[in-house]
């Protein structure tokens, strides 16, 4: 007997009688005996709950005082995000294919879609996708589907892991990905103009970009649209609380990583991709979409809609093979945005930005760092260090601190969350000076 | 105006001079259920016989539309594009596209009403 | 009246729901702040509500859902087994949750070790040689599995392999994934619910990249010719792909690797008890036979001596996600495997017993398609007596009135009016008997009071929803909803 296996011997006897066989083995017709397992799995031995707790508590990662972002951002998370999202009705339920008993899921998906349209300035959002990088891969494929040329240009410098993912997808989809070099941490306009001379389906922009620099793309939109191509914008939605929306700048598809909307760092997953577009392209958008309707009693209700585009109906003619979304994470992000609210999310952005600007200023004052670029930045900034960044990282690690992401031997990109106080930053700067002197 | 002929994939065609008027059959609309969207090509686009020229979508399915005869799209039925339920109301009259026929001999290969009705049972 | 207010409708300008840390900056501390000309004209219209309002709202919203803990959830091919709470507790440890994915490897050795151990145990359970946990869901695992198939043939210089064979009983993601990789799909008609070797053989030549199979298949039947099929496909140089959606009944019984499969995916949110979350996050690990291990996607968690590192092998098929997959989902699966351990051998047999018990108990009311023992799930083709016009959809909706989730309906496509039932091994005989009684009652109602079935559900938070309206007039966010309701 086992706690997750309730059938007793009596139960088994009674059930086998109904089925009219003497043993479960009699039901395993058609399975060649050569395939039947002869011994138990050779896996790690059983742990009781008590032992499991002890074991995993002793095998955790080291939590650090961190100044690293680069695609994964710690933020202050309201306690209610976890308590509400761990309710079993949300946590253990299935995809809403029986909408009458899944209005909870459908309603929060509808709220999530609404919030994403607000943040991005776009007309419609889907129910979420796996993560930021795969969202961009889906956006790229969607654009090629619409504009037909199997070539996409990457104009802004993207995070390396984002670039690797879209390169993988592009390879297997026979799409040529033209990744342009950057210039002084920003778009190389000459390279872009030259790249646009050959047929293409889309140009990908990103702000804040890989270096934390903020550069808007609106001046390129007319030329791109004239060539019947699309503008794709990859954005951290946390930044869109304050910065100009890609929708207002003329984007056709907007996507990105929404881990920054109240999800824990989680050693990389589960995260939360979002994808938004114009109503004109809604039937080309992959993933699930939730829509409003009425029920047989005339009451407000929500259903998955436009499903005829999806894999379970179109099969090999679907826009994508994507089946699920990241529902529970979309719920967490929705609760986060509801808690932070209209003012709170902007305030968090302003605080993170202020802290990062202060850090940059103070680090430059030490004469150990200079600004790597002359571009506007918010909560991430790239600085050039006088010494070896790896040595500095190791030195700080000894004190339990995580340096910003090392871009190479000289440059580091620092991130300050909204929770960094002036005292925290002053202490960090002092520590850097101390560690530097000891190197 | 020619007689109406049919394709095995449930489209109908009528030809007048060398302009073909094309729609889907009563059988098709009944199988699809309430049609919620029709995706039709832009005028000026050319297709060959049996090319997919659009999609007709209901809640539970999305079916490709196959072109019975080659040609260049002249006109799409805006009323049907805006109100796809018109196809459910009268599929055999509410046409989808008008086409300038490039190969008139293809029309003869299509099914007569009797042959199509036998197929659709 | 069911609660159906949206969070935006609770808004009151000026209300706040959270207090940020005070940073202690003074005016002038920062000499060059961010230029305000870069700012958007007005903030996003997010709600302005207090913390309690957020809590009440989402609590009431949750009460419109049913979860596994609300009642029986016999969805065929979904394996809705109990999601143990100890697994959730382990996934919430700070030393997992607060860890940045780009921390120096020296600070995350235990995490890489857990990843490696989980992969190793999954290798053992599946009979494969290498496993990646970097894939986010079953469909994602399928996609990457086919990438490996394509990459393998590409590296062999074999560009003739343009087709993939898929049975007509397969899940829609199979042909969709094949299409995404540029493959042409050959749909193989089933015979008596199975892949027939004689139907298959004419299609096998050197243009076949591989075949995608589910075993047991979506009819709940074990592909008895699997060894012959795998030999035939290998003989023409093709690969066998295993869709692991139905792995649960094989636990304790057999392994896909032993059947000849070269590549497979599995679903941690099905077989390994991790919560479905209303539609995600899942995890779809991909496992491969020895000759394909070098093609697994980067980064690869690699053991070097007693330490763990991340490698980016030359022949990896690519990078398929930002980091290392849904790590916290993996922790839940690890916890499940460590907790159940040797009792995994009993999961398959119990799941099979439960399914056959329900099948035999209901076969006099519902139409059995296949008259032989099933594995963990089986399919009815609607009621035996359909004279009153009660359809599968109606039966599913009426089930909801009894507080249980309906089984899977209208899948697989090759069965008319299909109802697919999978109880899983976690359900007691009492629960199964209750379900049998309910389904018998619905069959009875279909004869004596068909209208009550045809107009069901009656006691759920909402009645049947107008899906035609939703597709015809897509209203996909709050402001659009406001416009529509104002009319």
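Letters A, B and C mark the chains as written, and numbering starts fresh at 1 in each.
Definition applied: contacts are C-beta pairs under 8 Å (C-beta built on N, C-alpha and C of every residue); 3 or more make two chains touch, one makes a residue touch a chain.
No experiment lies behind these values; they were computed from the predicted model shown.
Between B-C and A-C, more C-beta contact pairs are found at A-C.
Legend note: the chain whose CA centroid lies nearest the centroid of all displayed protein CA atoms is C.
With centres defined as mean CA coordinates, chain B is found 43 Å away from chain A.
Centre to centre, using the average C-alpha position, chain B and chain C are separated by 38 Å. Each chain gets a centre from the mean of its Cα atoms; for chain A and chain C, those two points are 19 Å apart.
Shared interface positions of chain A, i.e. residues touching 2 or more other chains, are given as 308, 313-314, 317.
Contact with two or more other chains is made by residues 467, 470-471 of chain C. In chain B, the positions touching at least two other chains are 37, 57-59. Across the complex, chain B is touched by residues 283, 307-309, 313-314, 317 of chain A. For chain B in complex with chain A, the residues that touch the partner chain are 37, 39, 57-62, 64. By the touch criterion stated above, chain C contacts chain B in their complex at residues 467-468, 470-472. On the chain B side of its complex with chain C, the touching residues are 34, 36-37, 57-59, 84-85.
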